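What follows are several structures.
You will see two complexes here that share chain A, one where it goes with chain B and one where it goes with chain C.
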Partner chain A sequence: MRSALVVGVVMFGVAGSGLFKRAEVPPPPLDAPLPTAKPYGLAKPPFGTVSSTSCAAASCHGGGKLDTPRSEYSTWAATAFTNRKLYDPHSTAYRVLFNDDSVRIGKLLGIKEPHKEALCLKCHSTEGVKPEEAMSEGVGCTACHGPADKWLDVHMLPEWKTLSNETKYTDYGFVPGKNLVARMTNCVTCHVGDADREVNHDLIAAGHPRLAFEYTRFQFNPTYRHHWDEVMPQPDFEVRAWTVGQAVTLRAATDLLRVRAERAAAGDTKTPWPEFSGLSCYACHQSVTGGDVGRDAAHPRRPAGVPGWELWSNAAAGVAAELCPDAFPGVAPPGLRELAALRKLMQKRSPDPKAVAVRAKRAVAELDAWLAALQTAQDKGQMPPLALAAPRRFAHALAANALSADRAMLADYDWDANSAHYLGAAAMYHASGGRANEPKWSGPIFGLANELDFPKRKSGERFDSPAGFGDAKRARVRDSFRELFDATSGR
Partner chain B sequence: MIPNARTLAVAGAAAAAVLVWFGLQTRSPGAVTVPAPPGPPAGAAVPLHAAVGNTGCMSAACHGNSAAKALSGTFDASTWEGSGTCWAARDPHTRAYSLLTDKPMRPVRATAAQIMERMHSPVPATEDARCLACHSNPALAARDSKDPHVVALRQEGVGCESCHGNASGWLRPHTTWKADTKAEYAAAGMTPLFDVGDRAATCLGCHVGAPADPERGIAVRDMNHDMIAAGHPRLNFDFAEFHRELPKHWQEKERTASGPKPRGPEFDARLWLVGRVAQAEAACMLLASRADRAKAGDPRTPWPELAEFNCAACHHDLPEPWRSEPAARGDRPLGALKWQTIWPVTAGAEFGAVRPVVTAMQRARPAGYGEIGPLAHQSAAKLSELRQNLVGAADADLVSRSRQAFVGGVGGNPEWDTDGQVLWGLAALQRSRLIDRPAGEFDRAFDAVRRRDWASARPLLDALARP
Partner chain C sequence: MWRMLTALCVAAGALVLGLASGSRATPAAPQDKADPKPAAAPGCDYLGKGPTKDSAGDISAGIQACELCHIGSTKGQAAKFLKVYQSDEFVLLNESETWVNSDIHSHATKCLTGPLGKQMSANLKYNVAEAPACLACHSADKSPTKPLADKKYKDFATADGGVNCTVCHGLHERWQSDHYKTPDQEGQPLPWRSKNPDYKWERGMADLRNPVVKAKLCASCHIGNAAEGKVVTHEMYAAGHPPLPPFELSSYMEAEPKHWAYPTDPKLKFFAGLPADERWSKFHFHPEKDESYLTRHYAVGAIAALRAEAEVLLADAEANLKGGDGIDFARFDCYACHHDLKYPSERQKRGYESVPGRPTLRTATGVPATLVAKHAEGIEAGGLKAKAAGFEQKWAALRKAATTRPFGDPKAVQAAAKGVVEWCDGFLAVQCESAAPLYTPDQAKRLLGMIQGAATGPSSLADAEAAMVLSWGYLTLAKEAKLPLPEAKLQGLSKVFPLNVRVEPYSVKGMEGAPVPAQFPPRMKAVNAFESMMFRDAFLGLTGGK
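Presenting the complex of A and B:
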């Protein structure tokens, strides 16, 4: 009985993801009613803050015993007195503004001192913290946990525990990180960007790394020293974190597009349109010799010559939407029809900023409703634990979505699109316990990692692009996704 | 002759008259049916700019005689008798139309069908005026693709009239012309290809692109980034180099008032410099046309048009830090795309005519179509003037100006477009005996550029350019 149910769900997953890829639904009318639900955590709390030193007292979070409770600050700041193989990169966010790369970027952009420039400090320091404290601060406690003026004195009192997450946020400005939607909504303000801060193509051209945020990958970066323990067990955490990450990242990218389109439509000459950083980097930055372009290795529905809009956050999000009830029981899959219409608008070489602004705003409302539902589901109380097979179902749907309907080709030749699917599958591999529990997956998972990795330069330095990601590599990526598809089917 | 001319003057019967005359003159038993040219414009005495077809030129008594001498590299006063034969035997333009079909006459990386499919085109390439405008006689592109006569003419590829102009107005008179003046050519609708500036402009109509020419019935010629992305090769033209490669079906001579004069050794340098200026002129005209069409909301003209920019400005692996250094960028802002490279015209300050366009297109936000249109029109007009000056410039002047382009080295940074174009220029100068370097050095330099081995290419280029 149970296995029949699982098979049924798997079938649904496959059919569902295929449907997401192929369905040609007409765009919803622009006056169709929109959902109004919004998650909390979007607007910045209007409260003052304190610097991290206010949290670092030995009896509070500065206990000095790394990786243990009450030593969160010590763990976070560990780079000061340990080697840098395991550390929290947020603690060095400010310091990097002095390094050679930052100086060069600043020079090229005409910025004399990046560590004093608002453009850089918006993400490389903690808002509201005095500049003289910023050195030790980096992206400090309150950058993620919320401005502390109102909650600093009360968050250790017993009454604090009785407050709802929403109240903590709305009345006190505390970001309840246990709620995945609230947590990630905060991450993406820097890691994707918002109306106030963005890494645009000018900055990237000067040498700033592109942004490519995927929550589960960032969290499980082997060099990332965590100062907390996840309360949610595996595989639940990983499956839900990936799902929420897809929704939150896509919401942020869509809202950033809305902001840019509105500025361009208003005739702001400082806003380029289309903004290249919102398009797939390697659609343009790729070798165009011979069989490198990959037109014949895949069949995306974009017309030739159109760089995909935000493939990084769009490509696999359909799977998160379709399988949403598997991760958050009771949350229906969002239709995302506004988003589909927006993608279609963006599949033009010169999208109309006015039309894009209107549609993007509607797509954000649609995504907000999805986020609100995910957020409420977690805040409502204990969710039933996920079946052990849940990650497998997700991995299967991801593999299916990465391939064409007949699985003869990749669904998309773009590096971003394939990597988004790989990262999702890797998260699921991790969730299910890795090689010990899923020995058949490890071949394709590591195969994908290998093919998608950026080549190393001779000096050992990293290369900033998937140079050489040509048809031969794409064929191996396709084979790995097929292998993963087979390895995750059945049971 | 006279009755025929009278007949021609009767506008309504003109088409039939040409047909009759044509049928009589060719005496070619297997002649392809020649379609009736369209009626003449109201009030015109002679139908200008109507297509006749290659067969109108190819009779044995006209241009269809033996081409043995021309094909073996000997040119004399009789070369014209076999010019059609020479074209048919060896000219790459013969294959142009076949590339639109499923039987291309040379290997292609992407077939026309593949390209059209990737562009989501509702019609095949053989029925799309944008393709036909360069893969057959441009003046037939806009005609009805269901008309078998039109199709038969198109199948001739880029034939006689594609370059020389549609022949209805000059087919007969050109046999009696003595002075061969430009005025006579213009009145009859024949392109004065003896003027190397006009010759370059004619090639560039397809090899760069051109706005529509309604008077001559020529559709817009615009091979844009959509087509390149779908698999069409990019356009990468150098007039002097392509001219050298083309099997000649004519005797090269200068038409002076006192009669024809053989070309001097400086001719290749002249072809090169005139060609570069003409190319910039053509690029400006195409840019202006793109801007005008984008402004009019033409759905097939995106803005900005990515084919306006140097391909490698985007299509390079990351990072290539030298690209953002001021030495490589000049006054171009960070992340701004380099407008197409037409070395040395777009590189140096001495070609001031094109600067406003380069500057506007290389801003952090490229100029909008409203702004760039007038700028590009102005630059094109100035470049046209410069081109005409160079065509008539004295040998000594021309030699010094073409040599001048290389003074101070080739400059800039490793970059495929620039280095390739520099090398073609140097090769033209070598042919004109303005430089004298061993052929092996050229081979090594071309090879290094092809391999994108900049470390080897740069010193080789500098050595070749040294006075």
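Presenting the complex of A and C:
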């Protein structure tokens, strides 16, 4: 059942409209003190790496019994699957650089061989792997688990289990994936981008899919073959994973904005500014139909005709912030006032890169402190199980946030904003066990999936945008959120 | 009110709107009443002159005054002009009637209070029916020289409900009282009629028979003119303003319910009897056999449109150099961004002139202008060939400046836009001054062939608007050239997009409300569903290439 949810928006993620607070707050002064806490896992470990073959011994992770412990490599590896409907796409990340799409993208950008181009290899291969191994490696073990030179031997020893997550990362370069903040912080270096790697609009216009990272959607994508089991049970895992995913994605998007703004402010002519890939794709990429012209009246937050900045990662993040104590007891909701000020700065056609760089840096500090708190809460030890009603509370808050205060209209007409709320609600539905436990949600959840899905075309053709997402569809999205709001109230 | 008989001599002009030149309307009132010395070959100097502050606000009246004569009646005062001065051999005399009943311009102000206007007001948080930024195009602006920021509601004449006679023919009341003055002695012709265009312009009457004057005037709204406060911004579009359709003067003229007549019209007996040297110097008129009337308008319209685009872009770039929020999105091709993302993608197949993903300047303006410039390289008459040189380079420089970074580098755009405007001015000066026929029937045929080549060539194939504007132009000129246009083949092309510039019912008497929204969805549907190969087949089928 989750599969249907996910299929609804398979290719693309959602993100957020976001207002954390509806009321206008003045921007904090630029000399106001900022929190200094940072999560570990942000800086790249300064260690060498090894190729996946080092992990693939039959007695280690290459046992050959798919979907069982000690066969992680076998499960992951491209050569292991016979059924392409279920596999780990990281294993094919390198080989896609040879396909027709990649060749065309390269041609349009003046790149002769994408499989030799640093711009592409940064995310489509594993750093430090020899060219002859790149094909089988794809985005291999160490891309996610950390460069293994230093921890490869140690991690088999009993002492390894006595080390703290932070020590494993800081001293050995091992990414402790059990910590959700550390795990996702690693994902977003490619799936959102950072100072070293990014998918900008030049690349997207040439044919690269847009990025739209929402962790739970990726993890529970029915075509994704896991090579691990989560220790944390449901619904706790998914409620927390969604919350952390919101914070981590938003942090990465904000930091990427900072990097771009700093480059533009320094006069770097190679950095496009404004960078369209940080704006809501379908604000511009929608057909002008002549029928749907009333949408701007619905949202007082952006001036008419200005695309929203990172609605994908902003829209629903306010819910994650507000309900953070419900998922991570003891972690206070972050204020995120710097971020609000940044969003305001970005409500322009051509925002001032200097001002944006300054404010984005401050917003990142604010988000880092939030991430550090979430990370510590999980590392401190076993967290108490969540109340069974937790997913319901989240879903209710998401539905409320997707609607205007009087619930008469959508809070934001943008596809990204609505999809961000939908994906959050879908995660909560899935966390609760779906229809068996929450039969009342299923109507609105599937309704949203249906309305937000990209339309189908003739065979061999597809839409990469929500063509026809007009007033009529928005009205149905609004109705579904209202229905979800009602179905999740009470108790 | 008698004195306001106006338009008798106004005649031809004003396809759509039409005042004068890049700067419009009323000039300074002449100091003496003596006629200026008639120039041997009247130039187009007045095109550069704008209305002065002194004359601002000196609008005489609305349509009621014009209607006294121009309503198609043979009674009252009109009878005298008909009988004594044969005015119906010079103009049609039913201009007001046509305008009121059939001309969409008569709805321009009214539509601001219609459903779409209300919706836009709600979205923009100001009343579009009273906002100078809207009224500048949607009514008669009595103070075109005033900066937009200083304009007030009272600067606009809105009572007629639309873009009325004075908007195109001239605001100043001086000409309006002069143009129907009868001669001192009986048997003499009307004095006004024998005056040359400079004389009339000095008294505020726009020379709308001059294609350059007409084209610049139309383009001031249909493309934009920052100096006159006529700019459709992206904010307005986002709030619901329909995208301006591509501007193609000859097709617009064809589509307009005409309150003037073509040179071929047998009703215009006055011109048939003119001495050859007076036809152009006094009336900017070439008989049909010398020149293709619509081809000249096609050419002048295409360059005037590009000039207007470049000038609005220039103004935006200059404003941004003083500080601003970047060049407005609306200065770029709408459909560079506004398309659904489809795979396989025609855009990606076609490739990109610049870095992929940079908004480009409007193809539907650039493609016809490029054609006309290239065509002009083969016209020796009037020195047009020499003036036409260098277009490609200047236009390429502007395109590059506009895409070197997203939404253009204002400084580079400023320099390149100036170059394009200068080139356009050189081209238009020849069009204005040269008495030699430029677009002979042979040259007209050559241009048709070039339009056909461009319409089915790679550069415009993938752009719905360019295909549309080239088709409109082709059909208009082919019709004039009496080329066969089989109905069945026309229907094939009409499946790709609407072939009519206007969609009925416009010409419905007493129609209220907003006609534009009625034609807006079909046009957008065609733009969104455009498939280049389908267009190519249909166009080649029609034009005999296949």
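Definition applied: the second predicted complex is superposed on the first by the 458 of 491 C-alpha atoms of A that agree within 3 Å, B and C clash if a C-alpha of one lies under 4 Å from a C-alpha of the other, contacts with A are read in each partner's own complex, and residues count from 1 in each chain.
Going forward, a contact is a pair of C-beta atoms (placed from the backbone, for glycine too) under 8 Å apart; a residue touches a chain by one contact, two chains touch by 3 or more.
Computed from a prediction, not measured in an experiment: that's the story for all the values here.
Of the two partner chains placed by superposition, A:453 touches none, neither chain B nor chain C. Residue contacts after overlaying the shared chain place A:204 against chain B and chain C alike. Once the two complexes are overlaid on the shared chain, A:113 sits clear of chain B and of chain C alike. With both structures placed on the common chain, the touch criterion links A:268 to neither chain B nor chain C. In the superposition on chain A, A:350 makes contact with both chain B and chain C. In the superposition on chain A, A:304 makes contact with both chain B and chain C.
Set against each other, chain B and chain C differ in how many residues of chain A they touch, and the higher count belongs to C. Contacts of chain A with chain B, set against its contacts with chain C after fitting on chain A, overlap at residues 108-109, 201-202, 204-207, 269, 272, 276, 281, 284-288, 290, 303-306, 348-350, 463-465, 467.
Interface residues of chain A facing chain C in the complex, by the touch rule stated above, are 104, 108-109, 201-202, 204-207, 269, 272-276, 281, 284-291, 293-294, 296-297, 303-306, 348-350, 457, 460-465, 467. Residues 116, 119-120, 122-124, 233-235, 237-240, 242-243, 324-329, 334, 337-345, 348, 351-352, 355-358, 405-407, 517, 520-521, 523-525, 527-528 of chain C touch chain A in their complex.
Chain B contributes residues 109, 118-120, 225-226, 228-231, 302-304, 306, 311, 314-319, 321, 324, 333-335, 364-365 to its touches with chain A in the complex.
The residues of chain A lying in touch with chain B in their complex are 108-109, 201-202, 204-207, 269-270, 272, 276, 281, 284-288, 290, 295, 303-306, 348-350, 463-465, 467.
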